[in-house]
Each structure stands twice: as C-alpha cells, then as structure tokens.
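What follows is subunit A paired twice: with subunit B in the first complex and subunit C in the second.
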Partner chain A sequence: MNFENVIQSLMFGLFTGAIYGIAAVGLSLVFGVLKVLNVAHGELLMLGGYISYFAFAAWGLDPFLSLLIVIPAMILAGIVLDRVLFRHIVRQEGEEKIKNSLLVSFGLALIMQNLAITQFTADDRSIQVAYMGMGINLLGISLPYSRLGSLILALVVILALHFFLHHSLAGKAVLATAEDVEAAELAGINIHRVFMLTFAVGASLAAIAGTQVVLTYGISPSVGLYWTLKALIIVILAGTNSILGAFPAGLLLGVVEGLSGAFLGQTYSEVIGLVMFLLVLMLRPQGLFVRQ
Partner chain B sequence: MEEVAVKPFTQDLLRRWLSPAVIIVLVLLAGFVPWLVNRENVWNLLYLICLYITLGQSWNILAGFAGQTSLGHAAFFGIGALVVRTLWLGGVPFFLAFPLAGVAAVAFSLIIGVPTFRLRGAYFAIATLGVAEVLRIIVSQNLPMISTISAVQIANYNLPTRYYAMLGLTLATMVSAYLLLRSSLGLGILAVREDEEAARATGVSVLGHKLLALVMSSFFAGLAGSMFAFQQISYYPSAPFNPNWSFESVLVAYVGGLGSLIGPVIGAIFYIFVHEVLAIRLVNFHQVIFGLLFIVIVLLFPGGLMEAWNRIAILLKQIWKKVVSHRKPGGQPL
Partner chain C sequence: MNTMLSVRSLRAAYGDIQALWDVSFDVNEGEIVSLIGSNGAGKSTLLRNIAGLHRPQAGTIQFEGLPVHRLPAYQIVERGVILVPEGRRLFCNLTVLENLELGAYSRRARKEREKTIRRVYELFPQLADRQGQRADTLSGGQQQMLAIGRAIMGQPRLLMLDEPSLGLAPLVVENIFEIIEHMNKQGVTVFLIEQNARQALKLAHRAYILDQGTIVGTGSGEELLKNDEVRQAYLGFAKTEDSLL
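Entry: the complex of A and B
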C-alpha cells in the first residue's frame, strides 16, 4: 500500500468522522444535561435525513440548503419528544433514570423505525446532487466537493455550538445545568426549559448529521441503530463529561475506521470501534478527552 | 373454634399446593394439547410461546434478578443460532451441536461482561447493543445467502420433535431460574440488584454475581437461538441477530412483570396472542403499537401484568371483606 492511498483513506476517514462527530455531540449534549441516554438518537438522524431527502425529491433543494427546513422541523420534534416522553424520565433518580431512559428510548427507536417503514417504505434513499463525483484533486488525492462540504459544515456547526454554550446566557444555563442541576435550579435557572432547549438542540444536531448521511451514504428506516451505536461509542471514547470532546473523538473513530478499513478490510473496520470502546473502558473509563 | 382451626389449614393447603397444581396442569396442557389437536398452527403457536418464554426468562435472570439491562440479547440468540446451524448443516448431529451454542454465547457474553461490569452506569447496556449490531453487520456481510436445510432434512422434518425439544428447553430454563432464586447465589444476585455497596460491604462478590447472572442468561439465550436454527427451514443467517429479538426479550419480561419467576410466562403468552391478532391486520404497524405499549409499561406499570393482577387481587379482597362483614349478623362487637 503506497503513501497516497494511506493519505486518501485518512482524508475519507476524516470526512466520515466529521459526520460521526456532529451526531455524537448531539447525543453527548443530551446525556450530559438531561442525564438520560437516548438510544433513539439514530432514529432522529434518520428522520432528519428523510426530511432532507423529501425536500430534494419535491423541490430539488440542495441538502445544505434544506438545513433551513430540517433544523426548525427537528427543533419542533425535539420539543414534542421532550414534553411527551423524556420529561417523565428526567424526574427519576440515579440508576433507575438511566435504565428507564435506555428502555423507553429503545421502544421509541422501534416505533420510529416501524413508522418510517410504513410511511417511507423500506427502500434505500439517497440524494444525487449535480456536483456529485466532482472535486479537487490535490497531489493525487481526490477530495469530492460534497465530502468537503460535510466537513466544513461540521466545523461550522461545532464552532457555533461552542459559542452558543460558552458565550450566550442560554448556553451558560445549559452548561450550569449539566454541572449541577440543583445548584442551577437554586440560581434561578428554569431547568425544564433548559432540558427542552437541550433536547431540541440535540435532535437538530442528529438531523444535521442525517442530511449529510443521506448525501454520502443513503438512508433507510433501519439505519438508526447503526448511527446510535457509532454515537454511543464516540461518547464513551470522549468521556461522558466532555460534551464538545465528542467531536474530536468522532474524527478519531472515523480516521481509525478508515485506515483499518484500508488495511484490514471493510468488515473489520466495524469491529475496530467496538474494540476501542472496550479498551477505553478497561484502561481509561473516564474517557480520552477528560482531564482528571 | 372449629372454624378457626380449619381456615388456616385450607389456606395453607391452597398456598402450598395451588401453584404446583397450576404448574402441573400447564405443563400437561403444553405437553398433550398439541398432540391431541395435531394441527400445524397449534404446534407453531405453542412453539413460539415456549421460545419467547425462554428468551424472556433469560433476559429476566439478568435484568430482573441482577438488575443489569441488556439491549443486545439478539447477540447471544444469534450466536447460538449461527453455531448450531453451521455445525448441524455441516453434518454434526443436532444434540451434539446444541450445548455448544450455549457455550459460544457465554464466551461472547464474557467479552462484554468482564470489562463493563466493573463500571456503574449504562456501559453494559451500550456494549451489548454494540456487540449485537456489529455481529449483525459482520454476519450479513459475510453470509449474504439464505441458509436452507438439505432436501433429506426437509423430507425428515418433523414439527412435533422441534416443539418437544423447545418445551424441554423452556422447562429447563424455568427450573434453573427457580433453583437460582432459591439458592444462596440467587440471594447474592438479588442483593447486588438492590444495593451494590451494601452487598459489597456484607462480603458479596458483586462482579462474580453479576457475571453468574450473565452466564446463565446468555447460555439460555444461546440455546434458544439454537432451537430457532433447528426449527427454521430457511432464513438469512443475519435474521437471528435482528435487534427485534433484543426488543422482544425485553418486552416479554416487562409485560409479564420484571423480576418475577412467572412473569415471562405471562408476558410470552400475552405477547404471542396479541402479536398473532395484530400482525395479520396491521403488518408492520403492529410493532409501533408494541413500542407504545412497552413505553407505557416502563413509565406507568413497571411491575407489568403481575403487578396489575396483584393490585386487582388486593382490591377484590377488600371488597370481599366488606361484603362478608356486612352479611355477618352482629359482626360489630359491642
């Protein structure tokens, strides 16, 4: 295997990792603030992907432009899910809360997946944009426009989220709630509004990743669990206390998968993530990007 | 005087012999009814009930007794099915391949359990979900062709044999769960579920008891998978790894009543009958209804049908007492 191929797989790993990263940051945000683990996160991603697909099929809307529809729609969906479902779990305590959130969102994942089958059929859908296959060729390494676009979008989204969390009042309230719910409530923060906001942002992050998934891989009702799993693994790799740390961890997983796919074959690249997950649990359970 | 002496005696008799009598009647029904009726759909229905009792009880041992949530029982089920199907179609007699299915499932469960059981939180659940999904992807990529049993095996195919083998496994699972609950090991497992710190402080090995529950659970899930491989004439090798198997194990245990011995039996019977009714009319939509039902049970009736029944029984008892006290002349002293 020559040097160019290695760089090429590395770049594609980075492109994939950027999508992993956005999806994982959404999950990590919800887990960090609401302290519930939403196993239906991949189904939210799928929903976002379908909205983007239908916007393209109906009006020929570019997946980067359709974000203007996808994000408001998913904020709405997030608010509804929070009010109907997750509010009841947030009230519970400790271990029971995590366990029930896993079970309830597992049920939700099943509901959304089967609803998608009945509404959208089980066919694979993907978006074929005009600039598909076009790209820059840099020293023998091809960089397609669509993948570069995903990477840039991911960076913009993460930067925006960073500024929102650290430089706006609402964002600071979210971080404070993540740190200590009771103290935040005593300081006068309306934690239920924070939970609602967080879940809405988490759902839209999943959906933004979904628009890129439908552009690069295609989407079907059963893809949810796959993406949930990637996001979960990344959250554990980064450490559950590190919300934005999930993004570099996503890039890392993407690159490791890309390289192992090139060297060992595509099948084994699926196993690599799980092996990393178990190794991190054994050697550094607090996560890679958490300072002790 | 006489009444006072007799009443506890009959109550005692009821309490001591009612449940064994019910169990004997149920087992006899399961054993003889399909044989007497002898219709293919009856064999199949009872087969499915037994399969889901086994799966539900397997999940119940882990989550109900030891308090560890698995979201990937499909992994153990699928491994059992894969091992037995490969060996069986390769010429190894089924009864030799059968125990290997359980052993293979246990091996996989230990890969998950040993690193994750040391940590608190959702790590075990995530790892089970992950292993199940990765196995499903690997199997569907490497074995994309439908697996069908040979023409000779189809000619010799006998559904009652499959059913009685499944019934035997179900009884073995139930008896094992019962013996586990009665043993000191079972008490240790329950102690770990209730309070890990307190259990550790009293000298209970937390990791050991969690692993014991996991080993038993994955062993029976693997054996259930091998029964699936034995019964199905043809299926995609990735089908037993489908996340639906994980969900159904959870659902059966929850509907019946988590942590109770008899819960999975009630849950499986309920699930299969409702499933048969709904699946015909609603096709894919019936899973949506089960998902909703499941969420409602977890949030509102965490004790499942068993709890609902207990509540109704208490209510009936209270009403009965009122009725009796009203009827008795001079029931009120003084």
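Entry: the complex of A and C
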C-alpha cells in the first residue's frame, strides 16, 4: 500500500462522504426542527434520483442541470407531504409523536417503494454522461469530473444552507423553532410555516443527494432504506442537535469507509464505519459536533 | 376605563389534570394587574391559554373586544399580546441581538425593529454591551432582562410576565420591577404573575387571587396587602391573634 493509494482512497471517501453529508443534513434538519424521524427520507432521495434519471433519458439533461427541475419538484412534494401527513404529527408530544412519526413515515416509504416498482420497474437505472470516466490526473491521483462535481455541489449546497440558517431572519426563525418551539411561537413565529419550509428543504436535500446517487452508483426502487440508515447513522454521529454538523460527519464516515475498504478489503468498509459509530456512541454519546 | 382583556368562565386541563375550573377576570387598558397564588394554583396555565400555547376546554378570552382563544399563538402576538414565559426560555444558541431580532418577528413589530432595539438598549445598557454574545453566556439577571427585552421587541400592548423575579437576586428584582413600572407609564398594560406576592401587590393597581383553578379574591393591591387572609396565605404573616400585636 503506497502513499498514492492512500490519498486516492481518501479522495474517493470524500466524494462518497459528500453525498452522505447532503442526505444526512436533510434528515437532521427535519429531525431537529419538526422532531419527527422521517424514515422515508431515503425514498425522497430515490424520487429525486428518478426525476434526474428520466430528465436525462427523455431530454439528455445533465444530472447537475436536472437540479433545476428536481429542486422545485421536491419543494412542492415536501409541502404536500407536510400538509397531508406530518402536520398532524408535529402537534403530538413525547412517545406518541415518535411512534406515530415512525409509523407514518414507514408507511410512506413502503408506498413510495411500491409505486416506484410499478411505475419505474425494479430495474437498476444509471446515467452515462459524456464526461463519464474523464477527469483530472493530479500527481498520480485520478479525480473524475463527475465525482469532483458532486463534491463541489455538496459544498455549495451546504454553504448556502449555512448562510440561510445563520444570516437570514427566516433561517434564524428555523433555528429558534428547533431550539424551543414554544418560545418561537411567543416571539410571533408561525411555526407551521417553519415546519413546512423545513420539510420542503429537507426533501430537496434528499433529492439533491439522489441526483448524485444516480450519477455515481445508479438507482432502483429499493435503495431508500440503505440511504435512510446511512443518513441516520451520520445524524447520530454528528449529534442530533447539530444540523449542519451532519455534513462533516458524513464526510468522515465516507473517508473511514473508503480507507478501511482500501486497507482491509471492501467487505470490511461498512463494518469499520459501524465500529466507529459504536465507539462514538460509547465515548461521546451527545455526538461529535454538539457543544457539551 | 376600557376593558382590554376579558376572560370568561375559562376551563382548561393538562392531560387528566383539571388546571382551571371557572376563571373570569378583566384587565383594563393602562393597568398593572397582578395574579397571585400558590404553586400549582394554575397561574402559568392561565397565561399559556391567553398566549395561545394551550387550548381551553371552555370559556372565552377576548382581547379588545375580539375573541382570541382559538387563534394560533403568532396571531395573538401580532395583536400585541406578548408573554415573557416562566424560566425565560431564551434561544441559547443565538446571540443577544438575534434573540431581540426574533422578538420583533411579527409583521407589526418588524417595521419598528431598529428603533425598538435602541429603546431596549437604553432600558438595559448591559445588553447593548453583550449584543454579540450567545444568550447562555449571560448571568441570570441579564437573561431575564433579555427575556423582557425580547418581549418589548414585539411592541406589546398587553405585556404578560410569568414569575419574572424567580431565582434572581433582590437588587435585580428591584430593577426588573422598575422596568415593568416604566413600561406601564409608557402606556403598556401589564398582567403579572408572581409568587413574590408582596412585590406584585405593591406594584399592582388591582390584583386577583387564584387558588386551585378558580379566582377566590380580588381587590386593589393595597387592600389585598392589608387583608388578613392574604397576609396569612401569601405573605408569610402569622394569624393576627397569634402575633405579638
């Protein structure tokens, strides 16, 4: 194992981790603000992937350009889902709320999965863009354009989200609602509008990750659960009170998986990722990016 | 005098616990009205119902002649009914300035935001010095000032305070009560809930006594301060016949 291989694996870990990161930030945002665990997050990712796939298949639209369709479509889908399903759950409290959020979102996941099978067939779908396989070779390390594109996209999206949350009044209202929903109401914030906006943004983040999944790995109706679990692990790794912290945690998981895959063999990459997860749970249960 | 807030036959429950049985009272424009009562008498529940955080089972709450008991909290804030909640409930992850900005979130208050921030800083110069600090780095007294400052940001017409003196040093309490009196002189109607009954009665034009979910007494602040039963139950005096007088 030489140095170049290590750097190469590290870079591919970062590329994968960037997709993990966007997906996880979406889940973390919804959990942090609505206090609802949306198990169908992976299915929203899948839906975003399919929209991107069909835009490519029908019009040859590049997956990065397809975001112009995917994001508005998923904001709309997020608003509808919030109004129809999640608005009734956010009012509930404690155990009842957690149980119902799991039930409802698990049901949603099943419906979306089966609808995807009937509508899109169970086949694996992937996109072959013209620049596939091309890239930069930097000191013996190959950096494919498509993967560099994913990383840059992820950074731009997370920066934009950071800017929105910390430098706009609407974003601060979202953070305030996440911290203390009643105090937010007393400040005059319409919390149901905050919930709707948050769910729409969370769904869009899942879908943005989905466009990169279809570009990088391909997609099928059954990928949802895998991505929900990955995102969930990352959210807990970062700490459930750290919404944007889920992004570096995603990068970290990607890198750990990438390096352990290169050193110990691909079969072990996920195992090592989960071992790291357990270690963090034991040693720093509040999460990596939460202030004590 | 115009009636500003009018509560009639209010009933409210928390789960299986009946917190308010049949509460009726008025707050007139320009007044300071105190509500005193022991722990668990239902004081906080009453305020939460008025602020729209909790739905009553029965009864009505009218603000300036219009029913508000079915409105969501943010619309009640929009009308100028602002609650400083028990325990301050600041946004600890945000700065002092951001807490104040969010206090002026309602459409009505947002227009005046910059002006109101200057006013809050005049009232509480300590907040101006710390405007970039996270709210949880403030002392207890400063946190209460910020909680009241955040409420002032919402341009209150009726300012409701839930135990503003709780856990604070006497000197700070003095300061907080001075600010409340000052706000009242500026034309803000005040509805105050306190366990510190002596101070609350001294400040109040009128007061109500809440016990086990019902109003059991009312009068001017001075009258209640002299009332034997009140002195015994809420001010820590022994029965008159037992005392040295």
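Quick note on the criterion: the second predicted complex is superposed on the first by the 292 of 292 C-alpha atoms of A that agree within 3 Å, B and C clash if a C-alpha of one lies under 4 Å from a C-alpha of the other, contacts with A are read in each partner's own complex, and residues count from 1 in each chain.
Quick note on the criterion: contacts are C-beta pairs under 8 Å (C-beta built on N, C-alpha and C of every residue); 3 or more make two chains touch, one makes a residue touch a chain.
The model shown is predicted, which means the values in this text are computed figures rather than measured ones.
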item: Partners on subunit A (subunit B, subunit C) - clash or fit; value: fit
item: Which superposed partner A:Val33 touches (first subunit B, second subunit C, both, neither); value: neither
item: First, second, both or neither for A:Lys172, with subunit B first and subunit C second; value: second
item: Touching partner for A:Leu161 - first (subunit B), second (subunit C), both, neither; value: neither
item: First, second, both or neither for A:Leu244, with subunit B first and subunit C second; value: neither
item: Which of subunit B and subunit C A:Glu185 touches, first, second, both or neither; value: second
item: Contacts of A:Leu108 with subunit B and subunit C, given as first, second, both or neither; value: first
item: Winner by number of subunit A residues touched, once subunit B and subunit C are compared; value: B
item: Closest Cα approach, subunit C to subunit B, once both complexes are overlaid on chain A (Å); value: 15
item: Overlapping contact positions on subunit A, where the subunit C interface meets the subunit B interface; value: none
item: Subunit B residues touching subunit A - in the complex, by the definition given at the top; value: 69, 71, 111-112, 115-116, 119-123, 125-127, 129-131, 133-134, 137-138, 141-142, 243-244, 247, 250, 254, 283-285, 287-288, 290-292, 294-295, 298-299
item: Complex contact set, residues of subunit A against subunit B; value: 37, 39, 85, 88-89, 95, 98-100, 102-104, 106-108, 110-111, 113-115, 117-118, 225-226, 228-229, 232-233, 236, 240, 266-267, 270-271, 273-274, 277-278, 281-282, 285
item: Contacting residues of subunit C [partner subunit A, same complex]; value: 51-53, 72-74, 77-78, 82-83, 85, 89-94, 98, 101-106, 109, 150, 154
item: Subunit C-touching residues of subunit A, taken from the complex the two chains share; value: 169, 172-173, 175-176, 179-180, 182-192
